[in-house]
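What follows are several structures.
What follows is a pair of complexes built around subunit A, which joins subunit B in one and subunit C in the other.
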Partner chain A sequence: MAEIRLANLAHAYGNGSYALKPLDMTWRNGGTYALLGPSGCGKSTMLNIISGLLKPSEGRVLFDGQDVTDKDTGARNIAQVFQVPVIYRSMTVADNLAFPLVCRGVPAARIKARVTAVAERLGLARHLTARANRLTADQKQLISLGRGLVREDVSAVLLDEPLTVIDPQMKFELRKTLKEINREFGLTMVLVTHDQNEALTFADTVVVMNHGEVIQAGSPQELFDRPATAHVGTFIGSPAMNFLPATVEGDRVVLAGTGLSSPLPPGSGPLTFGFRPEHVGTTEGMALDGRIARLWFEGAEQIASIETAGHVFRARLPGTTASVGDRLSLRLPISALRLYRDERLVA
Partner chain B sequence: MRTLYLAFKYSAILLWSAFVIFPFLWALTTSFKTANGVTGGATWIPWVQYEPSIVGWQSLFGGAGGINVMQPFANSLIVTLTASAISIALGTLAAYALSRFSFKFLWMRNSDITFFFISQRIMPPIVLSIPFFLMLRTLGLLDSLPGLILVYVALLMPIAVWVMVDFFNGIPRGLDEMAWMDGCDPVTTFRRVILPNAVPGLVVAGMFCLIFGWNDFFFAFTLTFTQTQLLPVAIVSLNSSVTPWWALSAAALVSIAPLVVLAFVVERFLSKGGLAGAVR
Partner chain C sequence: MYRQKYLFLLPGLLVLVAIILFPLLFTIRVSFSSWDVYNPGLNWVGGENYGRLWEDARYWEALLRLTGLTVGTVLLQYTLGFALALLVWREVVARRLFRVLFLIPMMTTPVVMSVLWRTIFHESLGPLNPILEGIGIGAVPWLSQSTWSFIAVMIVEIWQWTPFMFLLLLAGLLSLPNEPFLAAKIDGAGPIRTFLSVTFPMLGAISVGAILIRLIEASKIMETVYVLTSGGPGTSTETSSYYIYIRGMRDFQIGYSAALSLTYLIIMIVTLTIVAKLLVRALVRDQA
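Presenting the complex of A and B:
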């Protein structure tokens, strides 16, 4: 269990192009973190640097203030659950769970006690004498997790898309188990995923990455309310955030033909208004009247594509009474309006 | 139509089986013949077509008209087993290194080095025989078992490396990485995690080494004179002015016996699922 600090960390290839652009963050002990982004965004690179499989070209990695950048993987006391279940096929489940302790020279009696306890907790007790090979994919992932849990002092558990190959119905169970384990054991957990749902439901802090760069790190609520870039606004939330081109009128920025308006920020570059379909209401705020062009059914709600003064945006409408062609009188609270310059949040 | 197909299928199988089995059958019957039995062309049925005799078999174990094959047999066994064991041990370590770590020597990378190992098997044996001869002479190891073992290790280890590199490449690197995370040092990782998964590869590499080592005639012939004789050379040496076909056939059967036993053992291992689940 450790606080992980990535100090001015970066990783560049020999040719100078960055796999991971410089970043600086601290992950608190016992927290859950998710690295979210598309394939090739640098999230696995970051994970490999933390686990010690890859040595960063710049910056330091610190566990509880101790510099571990030059320490090898074994000395870092990390556990990792890989995308494809990796287990010691030639060993029994019990031997698999015991292996990290055997490697560290823990006394046999202590090993037995730890393995029994962890197997009990993970629901693997029945399978202890079975060949690990014989178990299902989700059970194998639990074994990987268990190899971390048997070490009471494990620094962190790294999860590299651990749910990808798990059957849909077991995915939910496994995710729940991971979350419970985090709370019970107070482990620092880092989940790498490209699935926003997985990231937002698992982590207290989601780190959104793209093209080797950390774009935004924050709680799911922060990412939802104040996306740092248009990319985050589009990537997080379903339906995506609305982005509409704004124009300058004197010292204000407005959306032509609507009531949307905000003070003009300094700087230059194209301006865009952003707001969430969920924040569009009918009671208070700036006028955003329009006509329903399309509708999508969503259980108790409807998602409407609304046309107004040459713009199209989406809104989440309560109830299921609206129909295509309806004219709606909509409002957007001033607190829900975001302004982006060059796709970056400015207000 | 179906009958025609079946007829064609089985005649093809029978034809091929006959082609494979006949030489053995010929050797088996000939080994029980005398000079009178072999002169009348190929005959197959004992007591009817020829009068069986165990003269050929007796001659292998000290009887008249042949040579004692026991000593060459023991020599072959020692050389083949020792050379194969050394080749597998060194070859497996080299293969693991080549599969898992990056090497660079001048312009050569891992794949070049792997190829370098096998490249000497590409050369015709005659090219290698002269340097081998000179080296063994310098070392004073000509016509000796240690000298032959040395040469056979040089010949067999590339096969072990070649087979095992491919096999280790098939074992996911994640397994090594996981073992490192579990706090395992590289040597323990290899011994306790990777090697148990490589048993089928070891069996295949071992089989190749034993077959090539056991059957080699050329180096056994060029690097020995009178003191040390391996089985293939001993068999050929039977072929003098008057060839004792019966002794030659019996000796040939003795020489293939270990490989036949090996084939059955390996077959049993494979059919038991020794390879199943080896890689994922």
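Presenting the complex of A and C:
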């Protein structure tokens, strides 16, 4: 268990350009973190630096204030679960779980106790004598996780897209197990994923990355309410946040043809209004009338694509009886309106 | 309907009959005749050839010698090939050069290579003995003493076919996923434990393949023996195929050599099938 601090960390591969741009972050002990971003955004690079499989070209990694940058993976006391289940194929489940302890020269009696306890917790107890490669993919992932849990000195569990190859219904189970383990063992967990749903449901803090850069780090609610950039707004939330071009009128910014308006922020560059489809309502706020162009059914709710004054935006509406072509009188609360300049949040 | 479809199978079947079925059946028939250089022809002598074969100590000695030679060389080839593959697998300076270099023996024609080695081993003119004398080991009767000539044949075989093992095992190593090695590192396994628990088990299947191919190939050894020692001194390096060659092509005892060949074929099929099963059970545990 440890607090992880990434101090002025950056990494460039051979060609000189940054795979991970300089960043400074502290992850608190026992927290759950998700690194979220598209493929090649630097999230795996970051994870490999923390696990010690990759040495950063700049900056330090500190566990509980102790510099581990030059320490080998084995000496860092971290556990990692990979995208593809990694098991020692020629061994039984019990031998797999015991392997990290055997490598560290732990006495046999102690190993047996730990393996039994962890297998019990992960629901693998009745498979202990089975050969590991006979198990299903999600059980194999549990073995990978178990190899981390048997060690009592583990600082953090790093999860590198561990749910990608798991069947959908087992995914949910496995995620639940991960959360429970986090709570019971008080382990710091870092999940790398490109699935926003996975990140938002798993982590207390979601770190959104793109092009090797940390764009925003915050709780799922913060990311939803105040996306730092248009990219975050688009990436998080389904349907994505609406972005509409704003125009300046005197000392105010408005969306022509609608009631949307906000004070003009300082600076220059193109301005965009952003708001969540979920925040569009019918009762109070600025007028946002329009005609329904398309409807998507979503159970108790509907998502409507609405045309207004040459713009198109989406709104999440309660299961109304509205149909395509209807004119709706909609409102947007002033607190839900965000203003972006050059795709970055300004108000 | 479409009865003529069988017509299209005919070319393939004809080739099959011509190059496999006919020679095999003909050999079986010949093995029951006393066809030799004086009385050529397909007469019928029953199991006479097989009875003579049963008492032919030279044949069984050759088979035993072949077994020793095959098992010994293939095991050494596997070990050396694996070691070389591990050497140039990861980041090594000029590893491409090494990879090509290691393959050269395999690309040489066996006869040419055997002639080359015969020159090297030559006891008065070859370069090897002066070198050995120079470093204090002393001259070795490479081709005139039975144990040493057997070793000489083994050396040439190993020299020529280790690259084959190297090639297959390197291809296997390069196709391995990286994650198990990362996981082993995280679990704190050292290089030896990583090799035993990760690398070796993952190469089980390819190892069985490589060893079996080499066993089959090695049991047919002929050129090396023919050029290097001609089976001598005496019969000390004579292998089965070379003995069959002597009986059939030199003594021209066609009927008897047919019986020898057939017996040899059956023994090989049975042995190699058993060996294959045992190897799979021992090395490919996770696919059982």
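Simple rule for what comes next: the second predicted complex is superposed on the first by the 346 of 347 C-alpha atoms of A that agree within 3 Å, B and C clash if a C-alpha of one lies under 4 Å from a C-alpha of the other, contacts with A are read in each partner's own complex, and residues count from 1 in each chain.
The working rule: a residue touches a chain if its C-beta (ideal position, glycine included) is under 8 Å from a C-beta of that chain, and two chains touch if they have at least 3 such contacts.
Remember, predicted model here, so these are calculated numbers, not experimental data.
Peer 1: If subunit A is used to align the two complexes, do subunit B and subunit C fit next to each other or clash?
Peer 2: Once both complexes are aligned on subunit A, subunit B and subunit C clash.
Peer 1: Check whether A:110 is in contact with subunit B, with subunit C, with both or with neither, and answer first, second, both or neither.
Peer 2: Neither partner.
Peer 1: Have a look at where A:291 lands relative to subunit B and subunit C in the superposition and call it first, second, both or neither.
Peer 2: A:291: touches no partner chain.
Peer 1: Figure out whether A:252 sits in contact with subunit B (first) or subunit C (second), or with both, or with neither.
Peer 2: Once the two structures are laid over each other on A, A:252 reaches no partner at all.
Peer 1: Output check: A:79 vs subunit B and subunit C. Expected answer is one of first, second, both, neither. What do you get?
Peer 2: After superposition on chain A, A:79 lies in contact with both partners, subunit B and subunit C.
Peer 1: Would you sort A:99 into first (subunit B), second (subunit C), both or neither based on which partner it touches?
Peer 2: In the superposition, A:99 touches subunit B and subunit C alike.
Peer 1: Name the residues of subunit A shared by its contacts with subunit B and its contacts with subunit C.
Peer 2: Dual-contact residues (subunit A): 51, 53, 72-74, 78-80, 82, 84, 86, 88-91, 99-100, 103-104, 133, 144, 147.
Peer 1: Spell out the residues on subunit C that touch subunit A in their complex, using ranges where they run on.
Peer 2: Its residues touching subunit A are 177, 179-180, 182-183, 185-190, 193, 197-198, 201-202, 204, 285-286.
Peer 1: Help me check something: in the complex, which residues belonging to subunit B touch subunit A?
Peer 2: 172, 174-175, 177-185, 188, 193, 196-197, 277
Peer 1: Would you tell me which residues of subunit A are touching subunit C in their complex?
Peer 2: 51, 53, 72-74, 78-80, 82-84, 86, 88-91, 99-100, 103-104, 131, 133, 144, 147-148
Peer 1: With touch defined as at the start, can you tell me which subunit A residues reach subunit B in the complex?
Peer 2: Subunit A reaches subunit B through residues 51-53, 72-80, 82, 84, 86, 88-91, 99-100, 103-104, 133, 144, 147.
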